[in-house]
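Here chain A shows up in two complexes: once beside chain B, once beside chain C.
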Partner chain A sequence: MYFELAWRNIWRNSRRTLVIITAVVIGVWSMVFLGAFSRGMLNNMLENGKSVLIGDIQIHHKNYREDPSIDKSMEQAEIIRHLLKNNLSKNTLWTERIKVSAYVSNARHSTGVTLVGIDPVKEKEISFLGKSIVNGNYLEPNDKRGVLVGKALLEKFDTKIGKKLILMTRSKSGKVVSKAFRIRGVFKAQMESTEKSYLFITMHGARNLLNIEEGISEISIKIFDDQNVDIVAKMLKNNIDEKLYSVETWKDLLPMLEAYVRIFDGFMYIWYVVVFIAMGFGIVNTSLMAVFERVREFGLLRALGMKPWRVIASVLTESTFTLTVGIVAGNCLGIISVFLLKENGLDLALFGKGAEFFGMSRIIYPVLTLTDVISVNSVIFFLGIIVSLYPAIRAAQITPVEAMRE
Partner chain B sequence: MNIVNAQNIKKSYFQGKMQVHALRGMSVLVDQSEFMALAGPSGSGKTTMLNIIGGIDSPDSGTIVVDNNDYADMKQSQLADLRLKKIGFVFQAYNLIPVLSAQENVEYIMLLQGVAASERKEKAIAILDDVGLEGKYNRRPSELSGGQQQRVAVARAIVSNPAIVLADEPTANLDSKTGESLLDMMKKMNQEKNVTFIFSTHDNMVMDYAKRIVKLKDGQIEEDIVKEK
Partner chain C sequence: MSTDIKMALRNLFRSPVRTMLTLSAIAFASLILVFMLSFQLGSYEAMVNSSVKIHTGHFQVQAKGYNEKQNMRFAISLPNDIAEKLDKIKKIQAYTFRANGFSLVSSKNRTRGILVTGIDPEREAWVSTIKTLVRKGEYLDAKDRDKALIGSLLAKHLKVSVNDELTILGQGKDGSIAAGVVTIKGIFSSGIDEFDRASIQIPLNYFNDVFYMQGSVHEIVCTAESLYDVKKITQELADDLQKDQKGRDIVVLDWKELVPGLVQGIKLDLVSAIIFYIILIVVVAFSILNTFLMAILERTKEFGVMLALGVKPSRLLKLVLMESAFMTLAGVVIGGGAGALLTLWFMTHGINLAGASEILKEYGMSGVVYPKLSLISALAGPGAVLLITLCAALYPALKVKKLVPAVAIKSA
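Right, the complex of A and B next:
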């Protein structure tokens, strides 16, 4: 009967109850939907950042990051290959790369780039490259003279598919080496700077250019379950000679992005609380009005022997019902909104350039995580109950004599 | 046996800046099964005395013992328990919870007492029948007349067999016919169930029904009339 009484009480003034439920619905909807949208933006930024040749974990020569030259390549890669083959799950992908600074030129232009020798088959699965060819063809594994060029560089060099580019770099012996490569395909990246600064050739092509038989610059590993990144990194660190090689996660490689993820999570909670504060005033105000309208009734109940804690419980039960109805409706609305945009995403064409600056795609797909939904609901529910304590305590303080004088 | 033993009760309160002496050393003994009226004009202290007997107000000085419970030794929570189990209240107005039906209003007090659902229902229906509200169990207060509402309040007050029922001007908002009918019913409860009733009233009809009238004036007993049986 307590619950029935609470339920009937909240509908005594249905208009007022609907107003506060609407406030909760809007608050929950905005938190769920805009939260999912923000999470989508963050994930997109993260994936874009990681897909530009980062992956989840990388293994390098210990000093490679200080001096990214061919001198700091990993010579005994076979040991690491064996370790990865035997210890990584089937869902985990990895690839090898040779990465050196190079100079590219044609008849009219020249510029410095990062030249990347790839295993075309594996690279396709791991980095952005596989899905980015907008013109021409992707590299064949045995292609020793083919090169993939970014769209922006192609335009800057005023060249086209099939034309030659001269790639020049320093070999391990210190000699300057150069070879002509033919443009096989054009890739389009999220950021123009990526298109201008990377050139891709096959591993064979890179070895041929650099006159080396063995040695790789890096191994990039992609793990599909984020939770496992640190576990895998730890396992690798324990099994790889730290004096020779370094194992780093994307968090080490992209510290800015990692910091941004942390800030974002903090910001989400702050935002939840800010939205809640606005909503909280409405809840307190409505509950107080409901209490002051029923002073005689609370006085009567106290006179009949109802204890203060039970008065508090009855007011809180009413708040719980109001919050629950609002939260359920808000969640439904939020989930429907996310579902509607799941297929086609939200086009940020209007902010295209700005979005690109932040490393985001033009189209953002909302991402709804269980953690975010639980956080939203917990924040609203528990803070809602906490702010309802004030009117509940005020109700419990009403004495029968005081109530009769009303 | 005394169900109420009030000795030298004094109570004053402030109305704005003015101190009002509501009770100036009132003493009264009430026996079990009495049907008694505290009568007097407005401001004579009858409601204040009733509130003090009911434990919803406390005296400035004096002692009050109800059903062997000395209020001076009791905490607020113990007083609330006493009210819940031993004292029934009928007020002049705002007696019922508007969103509950007649039966639920009666059941609610038993719910607070921890009575099982089936027993609550059985007792509530029986007592509503006793007060003449057969078939009106599911009506909300707004669907009942003033007299019927007061009957529900009486039913709620006596359903748990309290030691005493305190009724603060129960007929004040009723027409004479309805008031008479309510008093008939309460007298019947007094006679059949030996429930002690104390009224505060300035209604002559209530005084006619009362077996004992304690007349108050300026916070003191002016006259204590016990009618012959």
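Right, the complex of A and C next:
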């Protein structure tokens, strides 16, 4: 009967209730929708950051990250290969790379790049490269003289598929070595800077250029959804000789993105609270008005022997109903708008370069996570109940004598 | 008139709690908006300034096509002719010549492919902050030839320090091989990783010889007295160059064109923030709409009596609107004022974003951000709140006009 009473009470002044519910709906909708949208932006930044040669976990020579040169390569790759084969689950993917800084030139142009020697078959499944060839062919595993070039670099160099590029770098002995490579294919990346700063050749080609037999610069591992990056990394760390090698997750490799994720989460909570406070004033005011216009009624209830805490409970029940209706409607609207945008995403063409500046793609797809939805709803619900305590307590303080004076 | 004001004020204080709560909601929104906008504008300015001061300058004069392709052959062959034109424009503070060439730079046991820049040591110091950023060794002086300044991260990668030698191997302007040996004179650290990782600067005259530039340069970097003058100056200069036959192949690029990502990044950030702000204001508007509505509906009888006594409906409307306006104005002024004070305090003390310093560094800012209170950031937010809340007050106020005295008096 309590619930029935409360439900009827809130609809005694339907216009007032509808207005405050609208405020809650807009608040919840904005939190759900914009939250999903921002989460989409963030995931997109993460994926972009990771897909450009990072992966989830990487293994390097202990000092490679400080000094990314061929001197710091892992000589006994066989041991690591064996370790990975035995310890990683079957669906985990991994690939080896040689990565050095190089200087590329043709007859008219020259620039500095990162030269990556890859295992074409495995690389295809791990990084963005496999899906990004827009012209020409991907590399064959035994191609010693082929190179893949980014579209932006190709244009900058006024060159085309089949032409030659001279790659120059430093070998292990310190000598400058150079060889001509032929452009086999052109790749396109999410970001222009990737297209300009990476060149890909085969592992054979890289060893041939650098005059080495063995040795790799890095191993990149991609794990799948059901596994936790930190757990896998810890397992590898326990099994590997940490005096020689370092195992790092994307969080260590992209500290900026990691920090961004943390700041973003913090920011979203601040935002939830700010919107809630704006809403909270309205909720308190409305329920306070609803209490003050019923002073006689509460006085009568008290005179009939109703305990103060039951008065509090009944006012809180009314607030709960108002909040719940608003929250449910807001969530529905939020989820509907996320699904409407899910198909096509939101095109940030207007700010294309700006999106790139932040490491995002042009088209953003909203991502709705259960955690986000739950945190939005709990913030509003619990804070809503807390602020409603004030009018509820005021209602409980009304005495029969006071009510008679009205 | 004064009676109306008195009545409006008294009506507001008939239910002090309600008025205070509504006022607080408005003030809260204004405060948040003033502070957040100032914070954003402050960080944008820091981003632009650090980028402008360290490297790009406010605008540059380049050969057509150089900015897109960075091709050495797109050079300005007679820079002094343009310098004469620049000297004539008053609001230009300083300018300097630069030339760039990609090269393989090697130390004893490390090599990197990076952009080598030739600078005029004396003039460079007027345009950029590079001189003040030298942390080890010394800045170049006018007589230096085979000396170099390098970024701190680059020095780390090449494993070199002051007085070590570096070999430069690149391609000259005519396509021939350019080679030289330079001694490191100073190491600078700007805090922008990208810049500290990939730049080496050598004296322009030496660059000219090594890369066979024959007196030509790639960039004439200029700074104006203020960011706001840039548009006018670049327009003037571009017109001047157009008149000249030789000036046809030369373009004037402002910082927005030189760092397009920065401008669009700022726009994107601003637009998404504005969406957040609008939603905040709308939520506030709805949560106070109720107060306005109640303040009128509970006085139906009173209004009926007033109408019956001969008060014109338009005067009643004015009274009701005045009540809302007083409340909104007070809220906006209090909130805006508090927001401005808060911002002013942080303007001198800075906001320490220690957790975000990695990110800020990427955008060329230090760990401490200073919000910047300007006329726009102080007025835009409260202005928008004022406008939208007044609109929210309009709907209940218009109801007053529709009241019929006889019916209104009878209502409870």
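Just so we're on the same page, the second predicted complex is superposed on the first by the 403 of 406 C-alpha atoms of A that agree within 3 Å, B and C clash if a C-alpha of one lies under 4 Å from a C-alpha of the other, contacts with A are read in each partner's own complex, and residues count from 1 in each chain.
Rule of thumb we're sticking to: contacts are C-beta pairs under 8 Å (C-beta built on N, C-alpha and C of every residue); 3 or more make two chains touch, one makes a residue touch a chain.
None of these values were measured; they are calculated from a predicted model.
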| item | value |
| --- | --- |
| Touched partner set for A:381, first chain B, second chain C, both or neither | neither |
| Partner chain in contact with A:67 - chain B first, chain C second, else both or neither | second |
| First (chain B), second (chain C), both or neither touched by A:272 | neither |
| Chain B versus chain C as contact partner of A:200, first or second or both or neither | neither |
| Partner chain in contact with A:105 - chain B first, chain C second, else both or neither | second |
| Partner chain(s) touched by A:321 [first = chain B, second = chain C, both, neither] | neither |
| Chain B versus chain C as contact partner of A:250, first or second or both or neither | neither |
| Which superposed partner A:27 touches (first chain B, second chain C, both, neither) | second |
| First, second, both or neither for A:365, with chain B first and chain C second | neither |
| More chain A residues in contact [chain B versus chain C] | C |
| Common interface residues of chain A - those touching chain B in one complex and chain C in the other | none |
| Residues of chain A that touch chain C when the two form their complex | 15-16, 19-20, 22-23, 26-27, 30, 34, 66-69, 71, 101-105, 107-113, 156, 168-170, 174, 176, 255-256, 259-260, 262-263, 271, 274-275, 277-286, 288-289, 292-293, 348, 350-358 |
| Chain B-facing residues of chain A, complex | 1-2, 4-5, 8-9, 12, 296-297, 300-307, 310, 399-401, 404 |
| In the complex with chain A, residue positions of chain B that touch it | 47, 51, 54, 56-57, 77, 80-85, 87, 89, 91, 94-95, 97-100, 104, 107-109, 111-112, 156 |
| Partner chain A, residues of chain C touching it in the complex | 15, 17-18, 21-22, 24-25, 28-29, 32, 69-71, 73, 101-104, 106, 108-115, 156-157, 159, 169-171, 175, 198, 260-269, 271, 275-276, 279-280, 282-284, 286-291, 293-294, 298, 355-356, 358-359, 362 |
